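All chains are identified by letter, namely A, B, C and D, in their written order; residue positions are counted from 1 within each chain.
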C-alpha cells in the first residue's frame, strides 16, 4: 500500500513535468496553429539556463529560477519572431519538419555551449524527504507537484481575469475576429510563445534534480505530445490531466506490468485515444466545411 | 415517377437547424435551381445529397432508390456528380489527369494489372482517355490539356471542375454556384454550357445559384430557401414574385 | 523547351515519353552496370547505400509526397524488413523467399500502422505512426527468443541460385536491381488510376470522395506499398551491414527519412533519389569542408547535425521543391538557352509549394 | 535477358579485379611502414571519449616511431570518425580497406559501430585488433584474426559479483540499462551467480533517457535483497543511487565498469559513498598512481593542454598493445605472423595497471579479470587486488 502511494506520488510528479511541457505547446498550438515538436528541447534549454544561473553563476535557487524564466520568455519570443512567424500559412508537414529541424539545432547548440556532459542542479529540496505516516515522499517530487499547482492556478487566473489573457483566448478562438476587434494578434502570438517557453523552462528546471541536466533530456517532449492528445489537443486542463495520467500509468507499469510496457505505455494510450475518441477526453471535434 | 426526390430533409448542427424539413422533386432532364440568401442551407443540402454530412431526419431517393445512408464514395457510381462552390480541384495535376480522376468509378483496374501494365489495363486506360478527350473537346479545353490546374485562371478551373464532374458521366449533376467568381460574360457562357449539358448529354441538373439572371435564364423550376426552410417553389418568375421570397431577400 | 507530341493514346502510357529520354536512361543503366569496373569498394558501398535509402525515399515519397499522409514511423518498416530477412535466413530459408517475406511482412505492418490514417490526419497521424514505431522497436527488443533482443544479430550473406553474394560489388548489383524494380512499380502505380486517386485524396479528400474514390482503401494501399518498399530496403540494409541491433532503428531514423524527401523535393521521384544521394553524400561534403574551416569550428562534433537541421529549415522556408527544384530549373535553363527568364516558375512554385501544406 | 547476362559478366570481371588488388604482397605493409586504421566517434554521443582516445593514441604512435618503430618500420594509423553511426562506420572502414589498404583495424570504438564493421573485416581478411567495445562478438566464437583487449562488460562484472557472492551475499537485485550494453552486463551477472549457484531475485531495465528511477527502485525494494547490482552508465547510476539512499535503504551496491567515472561522483555527490564498482583500468590519478603514469599525465597535459583521462589511458594502452603484438610478429610481417605474435603475449601489464593481458591460440580475450573499486571520501579507491575471471 505504501509502495503504491509512494509510486502514485512520484508518478504524479513526473506527470506534472509532462503536463507543463504539454501545456506549453497546447497554448502555442491553440493560438498559432503551430505544433512545436521541439518543445522538449525548449524545456532542455530552460534547464540549462537554470543550471547556468544556479550552478555556474552560483546565484540563490529562487533567483536563478526567476532569471531563467525571464530568459525563456525572451527565447520564446525570438523563436516566434525568427523561425515560426515565417511559417505562418505553411502546412502541417512544413511545421513538423521545421520544428523537428529546430529540435536538432537546439540539441546541437546546447552541446556546443554547455558541453555534452551531464550536470547536476542543486535544489533546496535536495535529498530531503517528507514523511506522511508510513509513506516516505521525496521533497523534490512534492515540490514539483506544488509548483505545478501554483503555476496552473496562476495561469488560470491570468487567462480568466487579465485583459491580455482574455485577448489571448480570443485569438486562440478566432484569429480573424480577434484581429477585427483590434487585438494586436502578432503581439499576442509572441506573448503566447513567451508563456509556452516559460512553462517549459520551469518544467525543465523542476525535472533537473531527478533527471539531471543534459542535452537529450528534451526527449521528454515526446511524452508531452501523447499527454496533450489524451486531453484533447487544444484543451489546457486536458493537457494537465493527460500529463498526470501518463506519468502515473508509466510508473505503475514499472511496478505491476511485465517489463517493457512502461516504455510504450504513453504511446499505447495515445493510439487508443486516437482510435476510440480522436477528440480526446476534453476536446471537441470540428469538421471541414466545403 | 421523378428522377430525384427529397422528403422532409432536416439536419441540425448543434442547435442550428441548417436544413429544416425540406421536400422537393427533380424531373428527369430538367434544370432545378435552389436559391436563397447566404446561410440559407443551400450548400448543406448538396452536402447531404453527396453524403458529406448525414441528415438528422428525412430521406433522399434517386431513381426510386433510397440513398439516404449510402457511403459518400458510392454516390458517384450511382450516377450523381457535383462541383464545389470554391473550386476543389487537384491543383498539382494537369487538366487531363484531373478529368481522368472523374472516370475513377468507370476504369476499375486492379493494382496488380497497373503494376504489371497488363493489356487489360492499357486498354481500359485508353478507353477512359478517349472518354476524357471527348469532354475536353466538348468544353473546348484542348489548349490546356497538359497545363497544371493550379496555374490556370479561375474561369478555366471552373470549367475543368465541370469537366471532371461530367467524366463521371452522371445522370444527375449538382452544380454549386457555377457563376460564383465569374464575370458577366463568363456567367453567360456557363449558362449556355449548362443548357448544352442538359440538351446534348441529357444530364439532369440540380444547381445552387444566386445570380438571378442565370437562374431565370436556365432553370425549369426554382426552389427558394431561407433559414433551412422552404419558402416557395415554382418557375423562376413565380418564385421571384413570391412575397415571402422578396421579404427574405430584403431581410425583414 | 520540350513539348509532348502524341499521335495516339498509347503514347501517353509509354514509360519513356520519347526516344531521347529512353536513350538518357539507357546510358544511365549502362553507367551503373559498368561502375564496378571503375570504382573501388568504398564508392560502391556509398552507391549501395544511396540505392537502399533511395528505395526508402521512393516509398516515402509515394506516401508523403503523393498521398499527403505524414509518417514518422518508417523506421519500423525498415526494422521489420531487416529483422524478417535476418531471422528467416538464420533459420535456413533461402535469400529470395526471405527477401519477399520481408517485404510482405512490413507491408502487413504498414497496413496496421496505416489504420489511424483512416480516422486522423496531419500531426495526429504523424504522432500515431511515431507511436507505432516505438511499439515495434520495443517488440523487437522484448522478443529476444527470435531477435536476440538487445544483443543484436549477425546476418548471413544472401545466396541466389548458389551464388553467394558477399562484398561490395555483389551488394551493389543486388541493391541496384531492387532499386530499379521498386522504382518501376512505384512509377506504374503513380501513372495509373491508383496514382491519380492518391494525389486526388491528397489535394482534396472531399472532392476525391465525391468522385467515388474510397479514401480508406487508397490510404491503406499507399501505406502498404510504402511499407513494402521500406521493408525491402531494410532487408538490403541488414545484408549490407551484416549485423543489426534495435538501436539502429530508433526514431531519429524515421525523422531522417522524412527530412530526406523534404530536402529532395516533395512530389517528385527525382526528388526522392536526390534526397537519398544528398543524405549519403552530405557527411563526405562536410569532411571536405572541414579542412577549410578554422579548427575551432571544424572540431565541433555537431557540425553534421547542425548543417542537416539548418538545410532542412532553409529548404522548407525558401525552396519547397527541394533539390529537384534546382534540377528542373537547370534542365529548362539548358533546353531554353538563351531564352530562360527568372521567375519562370512563379506559378508552379505556388502550386507545388502547397504540396508541403498538406 | 540481356541485362542479366551482361551484369553477371560484369560481376565476374569486377570480382576478379577486387581479388587481384587484395592478393598483392601484404596489404598495408611496406618495407618502412605499417599502415593501421581505426574508426572512432569524434562527432557523436561519445565524442568526448573518442577525442581523448585519439589524442593518446597519437601520442603512443609518436613514441613508438621515435623509438625507431617496429623492426625498422614506422607505424602509421588512420583515425576515421564514425560518429557512433554503424552506417558511417561501415563506409569509412570500407574506405580504409579498399582505398588506404590498411594492414589491420585497431581500436574500433563503440559497440554498435564496431559490431557493424566486424563481419566485413573478417570477410576481407583484415585483422580486428583490440576493439574498444565491451561486446563479446569479437571473441565468441573464436575467430583467428580477431583479438580483444577490452574485456566484455560481462567479463568485468562477473568476477566482482562472484566476489560478493563468495563473501556470503545471497539475494541479488539488478537494475540494468535496457540496451546492448545492459544485456552484456546482465550476461556477466547471470554467469557469476550461476557459478555461485544463485540467481537474481528481482531485475528491471530502464530505457536511456528515463527521467525518474523511483519506480525501478521501488520494485527492487520488494525483493528484500542484500545486494543491489547496477548495469549502468554514470548519470543513471547516480540517479538510482540517490533514489536508493533517499529512501534510506542502505543496501550495498555494486555497479558495472562504465559507472567507474568521475562524473558519477560529481552527479551522485555524497549518496555515492560506499558504492562498489568493477574496474578494468584504474583512472590515471595525478597524486596516487605510479611515477610512470604521472609522467604520462604530464606529457599529455603538455601536448594537448588538458588533463589526461581514463579514456586517454585506454587509447594509449591499446596502441601500445598493438605495437607489442606487431613486434612479436617478427620482421616478416603477415597476417599469420601477427596472429602468432599476439597469441604469444602473456602476462602483459598496461602502463596504467589493471588485470594482466593474456592471449593463446584458444583464447583471444586478452583481459579477463577485474579490479574492485569503492567510493570513499568522494573518490574512487581500490579494494584488494585483481579478481580472478569467472568462466
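Just a few scattered comments:
As a working rule, contacts are C-beta pairs under 8 Å (C-beta built on N, C-alpha and C of every residue); 3 or more make two chains touch, one makes a residue touch a chain.
Keep in mind the model is a prediction, meaning the values are calculated, not measured.
Common neighbours of chain C and chain D under the contact definition above: A. For chain A, the chain whose average C-alpha position is most distant is B. Each chain gets one centre point, the mean of its Cα atoms, and the points for chain A and chain C are 33 Å apart. Rounded to whole angstrom units, the spacing between the C-alpha centres of chain B and chain C is 39. Taking each chain's centre as the average of its CA atoms, chain B and chain D sit 72 Å apart. Centre-to-centre separation between chain A and chain B, using Cα means, comes to 48 Å. Along chain A, residues 116, 259-260, 263, 290 each make contact with two or more other chains. In chain D, the residues touching two or more other chains are 47, 178.
Shared interface positions of chain B, defined as residues touching 2 or more other chains, are 52, 84, 88. On the side of chain D, the complex with chain C involves touching residues 3, 6-7, 10-11, 13-15, 17-18, 42-44, 47, 81, 83, 86-88, 90-91, 94-95, 97-99, 112, 115-116, 118-120, 123-124, 137, 178-180, 182-184.
Those residues of chain A that touch chain D in the shared complex are 3, 6-7, 10-11, 13-14, 17, 116-120, 127, 129, 136, 138, 141, 207, 210-212, 214, 216-217, 219-220, 250-252, 254-255, 259-260, 262-263. Remark: chain D residues 45, 47-48, 178, 204-205, 207-212, 214-216, 218-219, 221-222, 234-235, 238-239, 242-243, 245-248, 263, 266-267, 269, 271 touch chain A in the complex.
Chain B contributes residues 50, 52, 72-77, 81-82, 84, 88-93, 97, 100-102, 104-105, 107-109, 111, 114-117, 121-122, 125-126, 129-130, 133, 146, 148, 150-151, 164, 168 to its touches with chain C in the complex. Contacts from chain A toward chain C in the complex involve residues 35, 83, 86-87, 90-98, 100-102, 104-105, 107-109, 111-112, 116, 222, 225-226, 229, 233, 259-260, 263-264, 266-268, 270-271, 274-275, 278, 288, 290.
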